[in-house]
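Below is the structure I would like to discuss, written out as C-alpha cells.
Just so it is clear, A, B, C and D label the chains in written order, and each chain counts residues from 1 on its own.
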C-alpha cells in the first residue's frame, strides 16, 4: 500500500535510483548477500527518512534482506516524488510527497506505525518521539494526526515489541537522551551520528568537499592564489583546510583556541593565528567551530 | 546612446559589477592609474564582447582612461540585461540584450562601427570580419544587417584608420590568420589566447578548478577515494590532474601519447597508462586533449 | 662535581647546545619563565638520559628553574663528550662519557642516586629499576656497581622521598608496569611515550620525515615517480605515506588489515591492497606495523 | 687495454654497477635492443666522463650496441676505483683512477684520442678542447701531456673524422660555442644540458629532492611546521618549493623578481614577497637564482 504524488513518475525515479546505486557499491554488496541470506526475513521496519534516491537504495537493500518496510518522510519538503513513485512500484509501503503540510506529515507517521514495526529508523526523531508520546499516554495535536491514520492501537504494547531503532541526527539523539534520563525510553537506539566512520567520511571528507563546492557555486571565485581562513580545526575544519590547500590556496590560516589542535594544524602545514590577525589578510573565511559569533563586527573594521 | 532591455535593471546591474570589481583588483589598480593619467583620451573603442559583469569592469576601466567605448555582444545569448542597463546608465554606448536574433546581432555591430573606432576588441571575430568584408567590398546578408544601422560609410577608409585590435578566441584568430595569409588583413591584431598568462591561469588553474566544479554539481560525487583518469597532459590536463589530487582522488591516471609529457606526468606523481588499461579501473574520466573519440565504445565494454 | 671525557671540549659543546636551542623555542620560552619564577627551587633531579645537545637544553632549563640536576647516560654509547663538558662547565653534575663499560654505566647511576633526588627522569628505566631493586633489598652485579659510588644509603627511605618520575620509552614503561602490578612501584611515573603530542609529532611527523631521510641517504634514489608501499596505517604509517606523496611518489599503496584504517587511507587519497598484490608493483617498501614478517619470502618471488 | 688502481676491486665494482642498473631501467631496455640490433657496430667512442657506477651503465650499453669505448675521467677526483676495475675486467679501455695529478689526467685524454674516435662524449669539454687545440696546431703544457700517450698523430685529420660529440655541462658548451663563433669548431656537438628532459628531471625533480636531502642531513631539522623561503622560481626553485610543501612546511614563500613567474608562484599556492619581508619570517632560506648576494647582510639584521 502506498500514497505518492504520481505513479507516472516511477520511470524517472528508477533512473535516479540506478544512478545512486552506481555510486553506492558497498550497499549493493550487502544487498547481494542479503538476497541470498535473507537475514531480515519476517522483520517489519518503520523508516522516517528523507525520501531521496540514496535512501531508496537503502530501503531496497532492507527489502532484499526480507524486511517489510514502511517509508515516510523525515522532512515535509525533501521528498523526491519520482523516487517515491519508483519505490511504491516495487512494493515498498511509501507514504510521501513533496510539500506535505503538518497534518499530512504526522498522518504519514501513523501510516508507518500501523505496520507494527520491529525496528524504527529515524532522522530527527519525529517518529520515535510520536510513538513514545502515544505509549506514555501523551496526546497533542501531532499525535492526533498520527492516530487519524494508525487508528487507536495499544501503543504501549507496540513500543515494547520494537527491538531497537536508529537515529541519524545529533538533534534527534538529544531528544531521545532526554527521554532516557527520565527513564522513559522504551527500546535501545543506535546514535548513528556518533560513529567514527560518520565523523571521518561525512564530517571530514564530505563537508571538506561540499563546503568548497558551495563556495565555488556561490562566488565563481578561483580558489588558487587566495588566502583562506578556517576557524576551528576539528573534523570539519581539517577537511576544509585540506581541500583549500588542494585547490591551490596561497595561504591556509587556521584559527583554533585548543593548543593541541593548533599545534597539529601547524605541523599539518597550516598557519595558526587569532581571528583578529587573520581578518586582516584573509580573502575567504569559513567557520567550522559549531559555534556562532566566531567572526564579529570588530573583525570586519 | 544606448539600446538595452530595461533601464530599470540598472541598480541590480550596478551591484553585479561591484561584486565583480571586488574580485578584479588588478584591473581596479589599472583603472586608478588610468583615472589620473588618461592614456586613452580621445580614442574610440568598438568592443564586441560577452556583456557580463566582468566585461563591464573592463569597459569601465577603458572609459576611466578616457576612451569612448561602444559595447555590443559577441554572442546573442550571453548578455546580462541588468549589467547592460548599468553600463548604459554610466554613459557607455551599449547596444545589447539577451536573446537577439541574427539581424539584431549584426545591427549591433553596425552600431559599434558607426563609432568609427581607433581600436576594435573582439571575441570570435564577428565584428572584425564584418568590417573587413565591408572594406573589401563583400556584401552578404550579415553585412546588410550591419549597414542598416551604420549607414553607408567608407569602410575602407574606416578600417585604415583602425590602429589595431584584439581577438580573444582561437577560432577567431584562425579566421583572421586566413585573412592575413591572403594579404587582406587591414590592421594588426593581438591574439589574446596565445599569451602565456592566458594559458597559465585560464587553461591550467581556471579550467582545473571549473572542471571539478562542474563534475561536483552534476554528480554530487565525493572525489576523495575515486580513481580519476585524465586524457591529455597539456595545460588543461595538468590543471585537472593537480586538482584531482587536491580533492583526494585515490589514483590519478594520465593518458598521454607524447612521451615527454607522459614522463613529466610520472614525475609529477601521476600514473600513466593507455586508455585501454585506464578504462578498466577509472571511476571518473575527463578528456582534455582538444580532440574527440579519445574514449571510444571499445573502452566501455 | 662532574666526571667527563675532557673539559677542553666544552667550547665546542657550547656551540652545539646553542644550535639546539635555536631549534627549541618552546623550551627556551619555558626557561625564560623558569628564570623568573624559579618553580623548581630546592628540588633535586636525577636524570638518566641520552647526553646530547637536545637533552642539554632540557637540563639547562631545569637548572634555570632552580633545580639541582645530576645527569648520567641512559645508553653507554650515545654521550656527546663535548656537550657533557659544556654542561659540567655550567655546574651541572654530569657523570658521562662516550663508550662507558657496564661497570662505569652503573657507577653513573650510583652517582645520580647519591644526589638523593626528589624527581627521577629516565629513558629505558635503568635508573628507576636500580633504585627499586636496592629499595627492595635485591642485590646483583649491576646494583653492586651502583653502590660502589653511592655508598650504602637507606635506599628504601630514599625512594619514599621521591615525588615522582618520568619514563620516556615503551620498553621502560613495560618494566615499571610489571613492578606496579606486583605492588612494588614506590612512586608515580609519567609515561611520556603515551602522550598525544608524542604520537603526533614524534611518530607521525618525525618518523614520517626521518624515514625518507634515511632512505634517501642509503639509496640516493629519486622518490618522484616511484611506487611506494607502506604497511600499516597507524601514526607512523600515515606520516610516511603523507611524505611519500609530498616527495612525488607516483603511487602510494597502503597495506592495512584494520578495515576502518584501510577505509581512512582510501579517503586520504591512497590505494589499499594486500601485500601479495602490492609486492608485484612496488619499488620501495616500508613496514610500519610494529610487527615482523610483514613482507615475507613469498612476496619476493 | 686499461690502466686502473687495482683489478682486485672489480668484484665490488660489479655490485655497484648492478645496483645502479636496477635503478636505470630505461637504459637497460636500450641495452637489450642494442644487444640485438648492434647499431654502433664498428664505431669508436672516446668518453671523458665521471667514472662512476651510473656512467658504467651507459658505457656498458654503448659496448652492447657494438661500440668500442675508451673511458677516461672528466674530473681527477671523482673516479670510483672499484667501478673502473669492473669495467676494465669487461674489456672497456679504461684509463682512470681517483686522485690523478694534472699530467696523469691529460695523459688519459691522450689515451682516449689514440682510439681515433668516431664520437666524443665530454663533461666539461677538456677532451674536446684538447683535440681542437692539437688540430689547430696549438701546443701548451696540457697538450704536451696528451701527446705523451697518444703520440704524434695527425690530429687535424683525426678531428675531421669525428662524426659528432656530446657535451654535458653549461660551462663546456660555453667553451665550445666560443670556438664555433671563431669558425674553429671541427664537428657538431649536442649540448645535453639544454634538453627539456634535463631541465625537467635533473633541475626540477632531482635538485628539488636533493636540496632537502642535504638540508635534513646537515641540520636534522623537522621541515613540517617551518617557514621556508625560496629565492628564484625557475626550474630549480619550483622543484624546491614543491618539495617544501610536500614535507609539511607551514608557509612556503617565493622571492622572485620576474612578474610572470611571481604570478605563477602565487597560483601554484605559494606566497610571494620581497626578500626584505621574507627575511623577517623565514626559518629556512634557499637561493636558487643562479646568482650571488640574493641574501645580504642587511637581510640578517
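Quick notes on this structure:
What we mean here is this: a contact is a pair of C-beta atoms (placed from the backbone, for glycine too) under 8 Å apart; a residue touches a chain by one contact, two chains touch by 3 or more.
Since this is a predicted model, take the numbers as computed values, not measurements.
Most remote from chain D, judged by the distance between CA-atom centroids, is A.
Counting every residue number used by either copy at the chain A-chain D contact, over half are found in both chains. Rounded to whole angstrom, the centroid-to-centroid distance between chain B and chain D, based on C-alpha atoms, equals 46 Å. One simple way to say how far apart two chains are is to compare their mean CA positions; for chain B and chain C this gives 61 Å. Annotation: 46 Å between the Cα-based centres of chain A and chain C. Counting only residues that touch two or more partner chains, chain B has 201, 205, 224-225, 245, 248, 267. Taken in their complex, chain B has these residues touching chain D: 196-197, 200-201, 204-205, 260, 263-264, 267.
Only residues 224-225, 245, 248-251, 266-271 of chain B touch chain C when the two sit together in their complex.
Residues 23, 201, 205-206, 208-209, 213, 216-217, 219, 221-225, 242-243, 245-248 of chain B are the ones that touch chain A when the two sit in their complex.
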